[in-house]
Amino acid sequence: MAYTEEELKKELETKEYEYGFYTDIESDTLPKGLNEDIVIAISKKKEEPEWMTEWRLEAFRAWKEMEEPEWANVTYEKPDFQNISYYSAPNKKPKYNSLDEVDPELLETFKKLGISVDEQKKLAGVAVDIVMDSVSVATTFKKTLAEKGIIFCSISEAIQEHPELVKKYLGTVVPKKDNFYAALNSAVFSDGSFCYIPKGVRCPMELSTYFRINQAGTGQFERTLVIAEEGSYVSYLEGCTAPMRDENQLHAAVVELIALDNAEIKYSTVQNWYPGNNEGKGGVFNFVTKRGLCEKNAKISWTQVETGSAVTWKYPSCVLKGDNSIGEFYSIAVTNNFQQADTGTKMIHLGKNTKSTIISKGISAGQSQNSYRGLVQVNSRAENARNFSQCDSLLMGNRCGAHTFPYIEAKNKTAQIEHEATTSKIGEDQIFYCNQRGIDTEKAIALIVNGFSKEVLNKLPMEFAVEAQKLLEISLEGSVG
Amino acid sequence: MDLKEKLVSSFMAFEDGLDLDHPVHEERSNAIKNFETKGFPTKKDEAWKYTSLKGLQKIDFSIFPKQETTLEYKDVKKYFLHDIDTYKIVFVDGVYSSYLSETTHDGVDVCLMSSAFSKPMFQQVIEVYFNKAASKDESLTSLNTAFSKEGAYIYIPKNKMPKKPIQILHLATGNEAALMLQPRNLIVAEDNAEVQIIERHQSLTGNEVFTNSVTEIFAGKDAIVDYYKVQNDAPTASLVDNTYISQKDKSVVRVHTFSLGGKLIRNNLNFYQNGERIDSTLKGITILGDKQHVDHHTLVHHAQPNCESHQDYKGIFGDSSTGVFNGKIIVDKIAQKTDAFQQNNNILLSDRSTINSKPQLEIFADDVKCSHGCTIGQLDEEALFYLRSRGIPKKEAKALMMYAFANNVLESVRIPELKARINKIIAEKLGVRMGFDL
Amino acid sequence: MLEIKNLHASVEDKEILKGINLKVNAGEVHAIMGPNGSGKSTLAEVIAGQEEFEVGEGNILLEGEDLEELSPEERAHKGVFLSFQYPVEIPGVSVTNFMKTAINESRKAQGLEDMPASEMLKKIREKSEMLEIDRKFLSRSLNEGFSGGEKKRNEIFQMAMMEPKLAILDETDSGLDIDALRIVANGVNKLRSKDNAIIVITHYQRLLEYIIPDFVHVLYNGKIVKSGTKELALELEEKGYDWLKEEAAV
């Protein structure tokens, strides 16, 4: 190893200085900066097999040659990639001893979202002295899954326990060199989820990373791999509505979905990373690569509710490789204050009779910028491809911006593509109408926004939808003056 | 020597003999510097993602035609809209042909940029308007500015309207093996003036022609400008058309672009609304075959409140042709009550044809109505069957439907003879004899 | 119930209401008629608290309480209901969801718990039957794609749900065919009681054949120029408004 004990200790001290409240930090933190040695060290710490180390190194070498993309409609101060520590073992010790120590503003939000006290503690990182409900839930949960042959574990565990599956599929949908952030993630990913649904199995419950927050920690460079074997079905929930405060400014996750013949994957995300304060200071940069591959008759459906992050760069996509495969993208992106979001999807039609649907609802408030960027591509052999896209923007106030950048490329004469976009605002007449029925302005706005987003909210699993609805309300609070 | 180098090194020779004390000299010098820095756009430029100029840059174009050529009117008559009386400004290989032209100074000025540059009576207009709407940043526009010398100059004073429409015709004789042309047009319609203009580029042989044209149009308060671009050139003729339109309060400017032939056409059509209650209309019909490539790149910048814009582009693409539509609408923060509408509909006829469409909205004001729609599809099979069941043969039925598809774009053409002419060209394109008129 | 004293209101410095005086007691139905542009809709919206209008002189008292400082929703909580002449569309929000929100917000303002779902459902069923409204209609987006008649019927449905003290029906008859008019009028009549009051704003006498008013007022040029009983409506139907204009001009 390239570091001496001395160096580690030094690094440790700086860390302590930075985050004063970490009284007892694990000695398991690598120094700042990124080079081949660090990549090897990460792999070693995770006790990975050699092929995995080599895989990471290849990604790192590719990343070194790449440049950070600038085409997105966002402006931010680029992170200094040499000033980030790329490995820090999950912090097992709770940050606080009781809820009283937690930021009251955060607790207020928890309350509005209707999150239970236990859950609040877990989310805020407060020590819990009783065995928490969800832990036992998680245990029974795992048992049910195992009976069906479903594998649902952390990606680190999967690399150890199911190397053949990881080796076969990792990086097949999002290649290591796909883009700057994907390459970075491939080199240094800390952890994430792995999910495998055997042939013909219908996963009996919504798989959710929610349950594992305390177990693994979400990490800065999350890696998710979902494999649905022939004829299987899974619904996967990611993220949670509670605001996620994180000291890490940069998040670059990669999610790969593989839907083999006749399989279906439904992937729902609610993202509420810390967006920065109302002056635009702080906040998470969320640069995510999400992509799914559909084989014959397979279906992948992405649903997302994006309310957090200071900067979002995210395009959950579908490669419709198999004939008759279906891709769907349903999205609500809310930006307020100084948030910037550049999000959308790519639907790549390769197979015959492939279908895709895109419904995007952008809501901009404050001084935020909200962009939809999408690609619908019909390749020359994709006979009878169909696409329908609808991008609606709602502007609240006139200090914000709504942008639509759809790319439509058709190389087959049998393609049928329809794209529609509209921009509107909440009418004063609508507000007055609601007021007259006894509904105050804030509630009226929430009602109208929910109505605007309904087509997407309807796509979320029930309990997620209710939370998401509340989240929309909270995200837009105080946006109308 | 590649084309860029050749152009840059020819600049001094070009300016030799021109008045270097003229204010335009400085514009030209700045422009050539910008072009030298930026060069030809490449596919890496987002705006040129779908159109490559690489092939053109390999051709050894002559920049200054060596000889003047005279043409007989009867030989080129068919390129004019000859069934109505019009003013004509005609250029042969970039050189003004007084023989084929009919200009005027009777209340309005319909003449040449070269006169406008050199005669003191036009100097004020040149100072106020020349290169004021055109981009100083875009490299091909700069290239044209650097070599700006000749083109159409049309000045319509307050409350005036020329007696008849104006035709601008650029003919290329093929006397050069490969010729590059850079016409520069300036059109000014002062307050409450009105003018109708038809512009056409025509190559007469199979030799390569590359035209990089810039047109600036200024519409004063309540002015009405109708501009028709007829692009039905030879398969060896390429055109980059950069048009910049600056509009004042309550003016109406309508630009129709008919892209029916040529090798590579790129239309950069930019509208700047610098006043209130402005109406801008951009319409286009594109019908392509062979390996033709047409790229419509439009921008409508709503910078003031209460304005409207209407865009409607229809494309029919056969053989190995490629169509590109890139339409951008920007609505500034103060441009409340904007009503911006954009529509792009395409039909692919062949397995080898391609369409890339990129309709964009950038909205910074909340009280606006903006929408865009884009479709790519085929002819409606049911409708086709219906027509055939009424005894219309398949080919004619298809043509009829394609006609109907493009029809609403022709509706707003205000010169009936031009409408008829476009109809005829479309009929020829579709390869059928029309027993009907639309 | 309602007392309006010397009410003046203007929009963008243009005075529309020029001193309205009106007293409506509980249990009464008042009709306000008048030619286009006389200020009828303005009066309705000013009572409901539309902030677009600048209220100059005068007061509006509801059960003795001055409404001036109250927001539109607070007025609604106190029992003011306006059936809009042009009901607004709210995409994605179902009629049911809208009503649920409206009723519970009013209850909240009165310190009451949310209405239990079963009670809400029962009420919805009852009122929709009364107004012969198809249940499917209730799951549609509010007023979006509704015909003129459906919009008006939906307004009266909301009135039935909210049980206001003071209901103002602004041109509820416009856009209704004769059958729909009968259904709507029946509904309104069933909602009449000794504890509430209704103001019917209309252009034509037609609606007043079904909803029989206790008093009829003619509004012209921002003032009530004539008041009377239901016979006045018939007289207006016969003679038009011109004779009143002449009278007012004198």
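Of note:
Letters A, B and C name the chains as they come in the text, with residue numbers starting at 1 for each one.
The criterion applied here is as follows: a residue touches a chain if its C-beta (ideal position, glycine included) is under 8 Å from a C-beta of that chain, and two chains touch if they have at least 3 such contacts.
Just so we're on the same page, UniProt names per chain: A = Fe-S cluster assembly protein SufB; B = Fe-S cluster assembly protein SufD; C = Fe-S cluster assembly ATPase SufC.
Please read all numbers here as calculations on a predicted model, not as lab measurements.
Shown here, the protein chains touch in a chain-like sequence that does not close on itself.
Of all the chains, the one whose CA centre sits at the greatest distance from that of subunit B is C.
With centres taken as mean Cα positions, subunit B sits 45 Å from subunit A. As a whole-number value, the distance joining the C-alpha centres of subunit A and subunit C reads 49 Å. Note on chain placement: the centre of subunit B and the centre of subunit C lie 57 Å apart, centres being C-alpha means. Multi-chain contact residues of subunit A, defined as those touching 2 or more other chains: none present.
Subunit B makes touch with subunit A in their complex at residues 46, 333, 336, 346, 348-378. The residues of subunit A lying in touch with subunit B in their complex are 71, 378, 380, 393, 395-425. In the complex of the two chains, the subunit A residues touching subunit C come out as 427-430, 432-441, 443, 447-448, 450-455. Residues of subunit C touching subunit A in their complex: 48-52, 71-73, 75-77, 80-82, 84, 87-93, 97-98, 101-103, 105-106, 109, 141-142, 158, 162.
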